[in-house]
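There are structures below to look over.
Two complexes are shown next, each including chain A; its partner changes from chain B in the first to chain C in the second.
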Partner chain A sequence: MLRFLIKRLIATLPVVVGVAIVVFLILRLAPGDPAAVLAGGTATPETVAEIRQKLGLDAPLLTQFFTWAGLVLHGNLGTSIITHQPVWNLILQRAEPTLSLGATTFVVSIVFAVPLGVLAAWYHQTWVDRVVMIISVLGFSIPAFVVGYLLVYLFAIDLKWLPVQGFANISRGIGPFISYITLPTITLSLFYGALIARITRASILEVLGEDYIRTARAKGLRESTVMTRHALRVAAGPIISIVGIGLAMLISGALITESVFNLPGLGRLTVDAVMSRDYPVIQGLILVLSLVYILINVLVDIAYAVVDPRIRY
Partner chain B sequence: MKSVSRIFSHALDLTGWSISRRSVLTGALATALSGTLLGSAWAQDDRKTLRIVQSTALKVVDPIFQNAYPVRNHGYLVFDTLFGVDDKYRPQPQMVKDWSLSDDKLTYSFTLRPGLKFHDGTFVKSGDCVASIKRWGSRDTMGRILMDRVASMNVVDDSTFTIVLKEPYGMVLDSIAKPGTYVPFIMPKRLADTPADQQVTEVVGSGPFRFVAGEFQPGVRAVYEKFADYIPRSEPPVWTSGGKVARVDRIEWIGMPDSQTAANALMNGEVDFVEMPPLDMLDILEQTQGVVVKDVMHVGYNNAVYPNWLNPPFNNQKIRQALLLSLNQKDVLAAQVGNEKYYSECKAMFVCGSPYATDVGAPAGPDIEKAKQLLKEGGYKGEKVVILQASDIAMHGAVSPVVAQALRNIGMNVEVQPMDIQTLFTRRGNQAPIAENGWSIYNGYWQSVDILNPITNVGVSGRGKNGGWFGWAEDEQLVSLRQDFIKETDETKRKQIVEKIQKRAYDLVTYVPAGMFNVPYAYRDNVKGLLSGPGPVFWNVSKD
Partner chain C sequence: MSEPVLQVRALSVDIRGGGDRTSAVANVSFDVAPGEMVCLVGESGSGKSVTASSVMGLLNTANLRLSEGSIKLCGEELVGASKARLRELRGSRMAMVFQEPMTALNPVHRVGDQIAEVLRTHSRGMTRKQIRARVLELMRDVYLPEPERLQYSYPNQLSGGQRQRIVIAMALALKPALIIADEPTTALDVTTQAQILSLLRGLQTRYKTGVLFITHDLGVVAEIADRAIVMQSGRIVEEGPALEVLTRPKHRYTRMLLDALPVAVARPPRFEPDAPIVLAVKDLTKTYDERSLFRKSRSTKAVDGVSFDLRRGEIVGVVGESGSGKSTLARCIARLITVSDGRVEASGSDVAKLPNRSLSGYRRKLQMVFQDPYRSLNPRMTVAQLIGEGMANIGLSQREANERTRRLLDLIGLDHSVTSRYPHQFSGGQRQRICIARALAMEPEILIADEAVSALDVSVQAQVLDLLEDLRSRLNLAVIFITHDLRVAARICDTVAVMHRGKIVEYGRAVDVFAAPQHEYTKQLFAAAPGTDVLGQMVRH
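Showing the complex of A and B:
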């Protein structure tokens, strides 16, 4: 296992370097000019040109790339063009809301979606199955911002139970934390949970047709035991895969959810950085997020081995 | 019913939980109770803290480095100015106690009010003012013109300094009082000595509020606290002049990129003030209990449509005149603003209702037949007109389709190219032909205080590719008239020059004024004392 992990981590290096080069080039080739953003909309062309020169944005592309790559190799992601703050600081400042939202969404989705998926398979082609599938199709199809605004209208504006926007650090107490994170979590969980429920249902249905399930039932085991100990464990592989892929999708889903609920997380930082062409921040974020994706994939591989004894690395 | 119970039981088996009726009831009560308790977590009943949402979040803290309106508004909280302006656009002493002008009209002498302090505890000295004016003067259009005429700026003592001119210049006070970006804010000399193209990240002013650097999260939150040592003037506050009395202890500026969310937060009482509520939500906000929607600023914004003089077909005067006659300001404003309460037609290039307001040179109204005739006389050959549209900003993006339709109505070949505003800011700088990503028309809007005279209204500079505004309108006569305006010290003669400039600009169609609009503030009804002026300033504001 250790050898596998080391090999996997070494294999990630070319991926990260590739991501860095591609992101750098795409940003420079895309239209937009951070100097113009920095100067402001009513700045004269001379002012914009002065700032561009000052920032070194008129230097050759290769020079700009190697300057940045040199910093990254020293563990420095650079400084934001717009705010003049270190990119690491900005990422760390914004990590908590995104990690909190990711964690709550992950937990809520797993807790609700896996049992619902199993129930749908268990009661295949009954009204239970149909209700679960309708919910999951809706959850998967309705855009997050629509769900978000509807929840805000109902629970914040109409019922006044929860706040419209914002984030409370967990250090402010569990009550405020839950009150602020609830609606974004439900919004994101609907999508993520729908995905997991559908895959769970499909995987279980496939396993339920296997001979060993019939044998287990013939032995007189309780149906819940058949489901949890035999069917669900074998069906876990595809579910773990989708949970892993979904975690990556959660980050992109957070872009919209964080905007709707004004969560000051990495999603909003990404959008702000892209809108203001803050190259060092975008590059730093994508580099960090690509590392997170790779880490998730490694964890998924480890999880395979944990749930399925046949898999050995 | 039994089957539902069985399914529920199976579901609990799967999660490994068990449940009883009692625990369900307990859970429901706990949820209800927590809902009540949690409710207090966001309710804003603190009368000493004002929570505001401005048009964009604060990211850059140096108002001499960036000229965005929110950065200027941040500047007004933290920094003070030598002069402010009143509601008649007249300069009024602010940090200055006394000033005088020598008989030869070459030497201005200024004495500061005693006891003025910066937020770092040091006293404001005349050296700080001289350094701040120099830095601002290297950045701002009006400042550069002033600096061209300054022979020297001299520190006489800690509280007195002079500005000595090379030749008489009638706009010295207007320049250092200007409320439009960049505002000549005063900062300590150690910071003001920083080159203007380098951002100052330490925020030390002498204004009524102190910037709390430790709580600043760029793009998320900026916090200000009342500056206890600030000495306000005794006069009542008018615009950016008069007594700047801080009546709340703390201001929290919350960044909310989604204006819908900002409106919802206001309705829910989570914030106290929204500078630019979404126009399509004004009706809902007006009907919401506890929310006031009011045009407090009274200043407004002015639409401007800029044709590109470098590319066909708008390198032709007659075709630019056709553009001018094709466009109906009412159509633009109806699409952009919608509610007639908040817009008005305005043909004055230097702002309706201002000292230099005039209709001279403007056409009576749109004239489609004449526009078609001008197109014919101009020899229009069907060249493609590319309109840049900032589709991510509703106030910008709504204008482009109206302009496009107006041009199609007179038979022009038009393509609207949507993009985000930052891409537009870059694209508009491209002087290349259409085939090389060039453009024909883009539109924007200016806050009134930024275009009050021929110096600040860059649309009539006539400097073309030599430092002119995007669109690069070039005309020697306009350049010369602008110089005449700068040199003239007699106000009556200045007005005559302004009329000549406007007439010439309309004749050449350096740009097309496309109406004036106001965006009302939306705020909770317990917020009192909001002032009219160029932007939201929060001195004099209290919460009941």
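Showing the complex of A and C:
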């Protein structure tokens, strides 16, 4: 197991390097010039050139890349061109809302979607199954911004139960935290949960045809035990993998949701950085997010081995 | 006689929206007495498994419906009993042992826990310690080695026989009055089968359990049954003491089953002893390396120095249990996999060393028929496409291909009109005929049949074997016939090679090998074949 983990982590290195190169090149090749943004609309070409030189953006691409890569290797993601703050600090400052939203969505989705998926499979082709499937089709196909604004209109503006937008640090108390995070969580969970519910239902239905389910019933076990201990345990593999893959979509979903609810998170930071062509910030963000994603995939692999004893690394 | 543990009266099970048959089981009545072993015999579709599921209350209600009748377990009516009551009875008063030990256990739970689950579910009063102790006791009862260690294993770490022992331990856990065993040994090797049968017999006598034993194998019936019930198309056609049913069958279906049963007495070879050699296998070895970055690599010899000659018109039987390397040998000879060492000589060249791209000529000359006719035909292709694909590959025109397809259909005894139909529209036996036609379409010299009749009912098996025999003499085919079933081998083979752990341990004319096996392993194998005594006597009668 340990050897597997080390191998897996070593194998991720080329991926990280690849991501770094691609991100760097795409930014440089995309239209738009941070120097021009900084200098403002009325600046002369000379001023823009001067700023560009100051930022080191006039150096050859290769030199620029290695300068940046050298910094990254020392754990330094560089400094924002716009705000002159270290990128690392910017990311840390904005991490909490995003992590909070990610965590609540993750928990809420799994807590609701997995049991719903099990119920749908259990009562296959009855109204229970159909209701769960309709909800999940809707959740999956209605865009987050539509759901988000509908929820805001209903619960914040009309019923006035919850705040319209913004974020409260958990240090301000659990009450305010929950009241602010609820609507964004529901918005995002609807999408993520729909995915999990569908895959749970599908993989349980597949497992239910297996011989050992018949054995479990022949033992005289309750149907609920058959569904959970025998079917769900085996069906957990596909569910875990979709939970892992879905996290990538969760990251992009968080971006939109943060905009809708005006959460000061990494999504907002990304959007702002892209708008102002803040190269170091964009590069740093994408690098960090891809590392997170790789880490999640390693965790998924470990989770496989935990739920299924046939898998041994 | 004391009260029967199981009393089935006028049981009928309907098939919902059934086509040519509206009932799976029709008006079936029988009893099982305490301590009695009753065998329910029949071919696939005879309704024997449906009968068992009805008793357990595990009918697949999506397409089956218990329409009539009464099922009493120790006097208690089960038809119409509440789901909760049935659940209580399952596992405690009646238990089941299934066919496929490989899939009957949940792969993600330890086997000890799976046995303990029965105890936890049904006997509330037991403490953890008592349960633990009982699990170990049960594992010892079914003669599992080192139960203290084995209870923590997962099913995939055990052999088929060991898993079946776990399933039996599970069934025995609460000393049920009735055990239903649904083809419990069909998926096992003969030697393992013999062990499991004697285990079941022993435990049943000890616990005075009534056993309803479902099987298609008359050899098994001869081995263990007190009473036999023969079913055909959902009805009981004959019933009586096992020995009597086997030796003095009254119904013609029973007689047909017995006649179709291959007998383990071989016939003399029927090919020219000096016919040209079409295939010479010399010191063939297949090694599987387990490579590892950090450890020393291990290698396993699946086939170990095998040599034999195959002459035109000869049928060589390769006999062995699972894991003996017989299928690997076939796949090496067909060059479906690479050969590690040795030679495979066919028409003057060594095929073993040929690179894959130069194999097309050899492939025309050698064709294979596989075990499972349900899975070896592409479900999306018509019969014409299935048979014609190979011919189109070697450049035959559509007209020639159609012509040859019709000739092949004549040969295998199917009507010309079937060409536009799909595999699912045929029965198992018909599908295997199509597989044979597909193989013969290339006009091969050599045919490899890898367990080609193992998945078929005995009566169908007999037909397919007759067809192969007929084709051999008409086309002068050389056949390598791979099987685990000695009786099948005896019926069709001229020469027999017995494989054990990758090696041929005995090789000779089938008559000689079957009459007087020399090697210790061959003797064991023959002794393990179920019902040899009774059925052997029958032949002489």
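Definition applied: the second predicted complex is superposed on the first by the 307 of 313 C-alpha atoms of A that agree within 3 Å, B and C clash if a C-alpha of one lies under 4 Å from a C-alpha of the other, contacts with A are read in each partner's own complex, and residues count from 1 in each chain.
The rule we apply is simple: contacts are C-beta pairs under 8 Å (C-beta built on N, C-alpha and C of every residue); 3 or more make two chains touch, one makes a residue touch a chain.
Here the structure is a predicted model, which means the values were calculated and not measured.
S.K.: After the superposition on A, what does A:A194 contact: first (chain B), second (chain C), both or neither?
M.R.: Touch partners of A:A194: none, neither chain B nor chain C.
S.K.: Residues of chain A touched by chain B versus by chain C: which partner has the larger set?
M.R.: B
S.K.: Given the touch rule stated above, what does A:G175 touch, chain B (first), chain C (second), both, or neither?
M.R.: It touches chain B, and chain C stays clear.
S.K.: Go through the superposed model and pick first if A:E46 touches only chain B, second if only chain C, both, or neither.
M.R.: First partner only, chain B.
S.K.: Considering only touches as defined above, state whether A:I296 meets chain B (first), chain C (second), both or neither.
M.R.: neither
S.K.: Answer with first, second, both or neither: which of chain B and chain C does A:A113 touch in the superposed model?
M.R.: neither
S.K.: Check whether A:I157 is in contact with chain B, with chain C, with both or with neither, and answer first, second, both or neither.
M.R.: first
S.K.: For A:L285, is the partner it touches chain B (first), chain C (second), both, or none of the two (neither)?
M.R.: Neither: A:L285 stays clear of chain B and chain C.
S.K.: Which chain A residues lie in the overlap of the chain B contact set and the chain C contact set?
M.R.: none
S.K.: Please give the residue numbers of chain A that touch chain B in the complex, ascending.
M.R.: Chain A residues touching chain B: 31-33, 36-48, 50-51, 54, 80, 82-85, 90, 93-94, 111, 114-116, 118-119, 122-123, 128, 149, 152-153, 156-157, 160-166, 168, 175-176, 178-180, 223-224, 227-228, 259-262, 264, 268-269, 271-272, 275-277.
S.K.: What part of chain A is in contact with chain C in the complex they form?
M.R.: My answer: residues 3, 210-212, 214-222, 225, 229-230, 233-234, 307-310.
S.K.: Where on chain C does chain A make contact in their complex?
M.R.: 56, 58, 87-92, 95-96, 98, 100, 103-110, 117-118, 121-122, 154, 156, 167, 170, 294
S.K.: Help me check something: in the complex, which residues belonging to chain B touch chain A?
M.R.: My answer: residues 7, 10-11, 13-15, 34-35, 37-39, 41-42, 57, 59-60, 65-68, 71, 139, 141, 181, 197-199, 201, 217-221, 254-258, 260-261, 264-265, 267-268, 270, 392, 419-423, 425-427, 429, 444, 446, 450, 458, 467, 469-470.
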